[in-house]
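Two complexes are shown next, each including subunit A; its partner changes from subunit B in the first to subunit C in the second.
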Partner chain A sequence: MSQETILIGLAGVLASASPLIFAVIGETLSERAGVINLSMNGTILLAAMGGFAVAYTTDNIVLGFLGGMLIGALVALVVAFASITLQQSQVAVGFVLALTCRDLSYFLGNPYMGLPGPRLQALPIPVLSDIPVIGQLFFRHDVITYISFIAIFLAWLWIFRTRPGLMLQGIGEKPAAAYIRGANVNVMRYVYTIIGGALIGLAGPAFSLATRAGWMGTISGLDGFGWIALSITIFGGWNPVRGALGAYLFAFLQWLGLVLQPVLTQVPSQVLQVAPFPLMILTLLLVNIGNAEWVERTLAAMPESARKIFSKILRAMRTSPPAALGVPFERD
Partner chain B sequence: MNVELKNIHKHFGSVHANKGINLNIPTGTIQGILGENGAGKSTLMKILSGFIQPDSGSEVFLDGKPVVMHSPADAIKYGVGMLHQDPLDFPPMKLLDNFLLGLPGGIFPNRKEATQDFSLLAREYGFTFDPENYVDSLTVGERQQLEIMRLLFLGARVFILDEPTTGISAGQKEKLFATLKKFPEQAMTVIFVSHKLEDVESLCDRVAVLRGGELVGETQPPYVTSKLVEMMFGKEITLGERQPVQTGGVVLSMKNVSLEDVRMKVKNVSLDVRAGEVIGLAGMEGSGQGMFIRACSGLMRPVGGRIELKDKDLTGKSYHTFKRAGVNFLPAARLEEGLVPGLNLTEHFILAEEPKGLFIDRMMGQQLAEERIKSFNIRGKPHSTVESLSGGNQQRAELALLQSPLSLVLLEHPTRGLDIESVIYIWSKLKDRCKTDGAAIIFISSDLEEILQYSDRVLVFFNGKVSAPLDAGKTTVEELGQLIGGKGWADKGEAHD
Partner chain C sequence: MIKDRFGNLAYQLAALLLAFGVVSLILISVDASPSETYKNIFKGSFGEMRKFAEVLVAFVPLLLVTAGLLVTFSSGLWNIGVEGQVVLGAIATTWVYRLLLESGLPPGLIIALAILGGMVGGAIWAALAGILKVFGGVNEIFGGLGLNFVSTALTIYLIFGPWKRPGVASMSGTVPFPDEFSLPLLANLRISPWALVIAFVGIVVIYFLLQGTYFGLRLKAVGKNFRAAYLLGIPTWQYAMYSFLICGALAGAAGAVQVAAVYHRLIPSISSGYGYLGLMVAMLINYQALWAVPVALFFAALNIGSIQLPIVMKLDSSLSGVLQGVLVLFVLLAAGVRQKFGRKAQ
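Showing the complex of A and B:
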């Protein structure tokens, strides 16, 4: 393979990961506030179909993206209402929504099957796109991919560097403590669940109007991305940057599967297509190895100096879920 | 700041939790609020800290001005801050983030300035904290200090402390009290809520006693303990004399037992425990006593040595083997490890019984529950879930679940958070059981008075070191305190019984 093909391939990896990135960031915000939005897989499909339908009917691609976000926000509103106001199980509600939204998208999307619709065009950034390698990798994408880059940074900045973000962490960690520090816990949970839902919804048109343009019903190949985004959120430690790296890794593994297919002819092509999923899980498990007890024990046996370095690295890698994830908050 | 409570009433449904409480707390005093569990202390403090609103007609005055506080965040604006029993902080966060969280200011906090504020404040009050450290690496006592700092920074002039000495070591208690004693000089008011008489007596300038939702009396030093107790319970209660030891044969025999986990090594402990004997384990939390008691229960496998129970070698055997041999373990976390939240009392008793057949005999369970509830004086119904019971009643339920016959009872903080009446009741039940079954007791407690009162011999743990067994009748709180703090070990040696 020439350097050129590799660069184009890698740039493609960055672009094709953008829907996953929106979904992961959306879910991260929601879960950081303590609400699991398990409807993600269905939401993405419904938003992909809906976004495509809106863009096709109005011939306005921006409206298509906004439509997808609105669908995501509405589904999230149902999740929020059921779990915060009615205090029902977030898992049960989310799961049912995931199935319902998926089937709804196939049913409602029938009239739009296979229609040639609008597609977001690449928008190379002048000057920057001419930089060798970097320009090719980062600055020859469509708008939605650029937005995905910015979203990673903004989400990270918001959660870890701003006061409201700190409060967001508090709400998901120990709502009672956030409450005594002045937070209106349930209102904020609504807000973050809905914003998170809108971002998850954005993943839909990011597929159907950009990376995998068009609506193909059950053979769109989008079913499953919501679940993988959910696991990337978890293994990404509820950190947008780590989550984004996970999404890129997943997209990279998928690309690798395609590239290797002609080389490894003796391996059935299905294996290469499915391989990214287990490989992903394996990698993420390795990243989170610091949580295991035997690692701690091994560490204890190490000499003082080495142990300090290792435990610092492990501490930085270690993640724990927001302690109040899925737990309703009642004043007193 | 002067705090005045006038005619405070609070109803929860049909329960009248506060019945017209009037209390004036002058500026610069340390006010103690005493009362047994359910006396209405927490309700009153939740009202004062803005957590809940009192019934109409109740009035709160701060420095003479009437105030209505809608939330804890509102209360702190008026200068009222509360330190909760379980510190309301964020364990996985860095100290600095935990400190910053909720402080007013723009979108982007100035971390450098906050670090300076934090360090300055820490120095002023003699605390040592690294702002880049994580909260979950601190002890409960340190987390309290952290909360106090935060409240000070927010401008608290009235400090409410809810049972702050539960779960902290003696040294940390001393430090906490020293800090609190400095507050009155700065015209701050401290309200210290507790059911521990010795704490209230040693710290407070004045004491108000609550019973059944009413203020039953106020006193000032010198305090007469028996009078305080009488006010708390409406009757006189005495701890009773120490019972002389009447020991039988060896129940538990440990020979050169060594234990190891990630943090700690306990080496070569030898000890014989006889029937009817009570062994108290003292030491700072995490000094090795937890490992020791888990080894006795079969939950932790020793790396060396032998553990025998009534001459049967049980070394390396499972928890269930120990349990069949009559060893029962009541861990500190009642709801997490001891009981099953969500199940009611009847179901607990059914679970603890030897199963007969596949199906549940509800009738038998119901009967059993009624019987045990009566004989163990549990305030609850057979269908009450365990989490709905108060701490004291949960502990009674655990005692009612002890198997029979019994050879060794292991308890971790058996009376933590309980009022004196429950403490006395639980110990008398425990000792009765031991007498009738010929069992021995080993228990961990951070309350040295409790250790001296109820045990026959004491083992002190310090950083994995174990003292030789001390005769509880001959040692003192001071001596134990020294050993716990790591002093005076040279002449105590290690346990080779």
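Showing the complex of A and C:
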């Protein structure tokens, strides 16, 4: 394979990961605030369909993206209302919404199936796109891919380098302490869940108006991405940068499956396409195993030198969810 | 207590009405007549004996999956991997068939072994989610979801790889086995009375297991308060594993029935989403085994009744999923409203 083909392939990986990146950042913000938005798989499909339908009807691609974000925000509002105000199980409500929104997207999207719709065009950045290698990789994308690059950085900056971001970490880790410091925990949770939902919704049109333009109903191949984004959020340890790396890794593995297909002819192509999933479980296992009780016991029983090495490795991989994730907050 | 029940029923009725109201609005928004649609769904499910038999065909795996999920929910586990456990049940059943078809054993014995194999297959897949949870610290929701994807990949690999039809492999599945090796059907209908028997035995066993045994009581103790149960001396992680195994076996039975009584082969979408639908049923009945039968039947009727919607009304058949989802959503919300505002009013 020539260098040119590889570069185009890798640039494609960066672009095709952009919907996942929005979804992962959205989920990260929501979970950082203490609310799991499990509806993601359905939300993305509904936003993909809705965004496409809006862009098709109005012939305005920007309205399409905004429509997708609005859908994501509205679904998140239901999750927030059920879990924060009514204190119902976030998992139950999110799961029901995941299935319902998926079926709703197929039902309402029926008239838009297979229609030729608008699609975001590539917008090479002058000068920068002429830099060898780097220009090809990073500066010949469409607008939404550039926004995904910026979003990673902004989300990281917001969570780890600003005062409101510190407060956000607080309401997810120790809501009672954040409340004493003056944070209105439940209002903040509403706000972050809805903003996170809007970002998750953005993933929809990022598929249907850009990377996988069009709406094809059940054969759109978008069913499942929401669950992937959920695993990547955990893999990323609720850190936007690490989460983005997870999304790129996933997109890279999918591309690799495509590239290797002619070489591995005895493996059916459908298997290569799902190959990243078992790897995802494996990584989840690696980042979680440090939390298991028997690991701690085994470590304690090890000789001093071995224990140091093993616990260092485990700690480097390990991620722990925000302490108050899924726990309702009541001030009394 | 009686008043409480009545209050609960009022909230659930309100949720039911609201759900139908919302779905009617959705239908009106796409220029479809709600009454016409509901009538067609009813006609498509209970209108003829042949269609009602189809409803029962869908009802069997749904009831089995729901029965299994009642066990994992009792012990506080969200076994979302149930979908993959159905698939593995189907794979294991097909595997046993392939091993024994030429063995000369009586067909009845082969069928029994194949279904048993399916139950073991489902239980093994559930045990994987359990091991990931108990020994790997991986939340059962994420482990289960991952395993669901793997099970789909495994099915497709087998259909296109080692188990492919002679000549060309295709999405239509593996080679069907001869009729005498499938569960006998009722005359001219697609439903097997044996499949119904398996499903009812499943739910009855689970009902008594949860309501009438010490095991069920301890299981619920683990679900209600993991830490307290541990301190009381209940071997908590063993009980978590037991509930995974029981649920997996029942889900596996659902997959086995799909192979042994419905498709007579392994097909790519062998589970048809019954695992996820079972989760919805379990939530809707608030984890009460007594309600599993009517609600599973209702959900199966919605699924079958909406199949003809694309032909008679040009509506997508996913409407059944929307109706089921909106219904469960409103019941959950109603329970929340009742807990939050109902008590204050009293």
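Definition applied: the second predicted complex is superposed on the first by the 297 of 332 C-alpha atoms of A that agree within 3 Å, B and C clash if a C-alpha of one lies under 4 Å from a C-alpha of the other, contacts with A are read in each partner's own complex, and residues count from 1 in each chain.
Following the convention adopted for this analysis, contacts are C-beta pairs under 8 Å (C-beta built on N, C-alpha and C of every residue); 3 or more make two chains touch, one makes a residue touch a chain.
Just so it is clear, the structure is predicted and the values come from calculations on it, not from any experiment.
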Given the touch rule stated above, what does A:280 touch, subunit B (first), subunit C (second), both, or neither?
second
Is A:219 contacted by the first partner subunit B, the second partner subunit C, both or neither?
neither
Answer with first, second, both or neither: which of subunit B and subunit C does A:179 touch in the superposed model?
first
Quick one: subunit B or subunit C, who's touching more of subunit A?
C
Classify the contacts of A:99 with the two partner chains as first (subunit B alone), second (subunit C alone), both, or neither.
second
Just subunit B (first), just subunit C (second), both, or neither: which does A:316 touch?
neither
May I ask you to decide whether A:289 touches subunit B, subunit C, both, or neither, giving the answer as first, second, both or neither?
second
Can A:263 be said to touch subunit B (first), subunit C (second), both, or neither?
neither
Touching A:150 in the superposition: subunit B (first), subunit C (second), both, neither?
neither
Note which residues of subunit B are touching subunit A in the complex, please.
46, 51-52, 71-73, 76, 82, 88-93, 97, 100-103, 105-109, 134, 262-263
Tell me, which parts of subunit C touch subunit A in their complex?
26, 30, 78, 80, 132, 134-139, 141-143, 145-147, 149-150, 152-153, 156-157, 160-161, 169, 276, 279-280, 283, 315-316, 318-322, 324-326, 328-329, 332-333, 335-337, 339-340
In their shared complex, subunit B is touched by residues of subunit A numbered 161-164, 166-167, 169-170, 173-174, 176-183, 293, 296-297, 299-300, 315, 320, 323, 331-332
List of subunit A residues in touch with subunit C within their complex
38, 78, 82, 85-89, 91-93, 95-97, 99-104, 106-111, 217, 224, 227, 230-231, 234, 266-268, 270-271, 274-275, 277-278, 280-281, 284-285, 288-292, 294-295
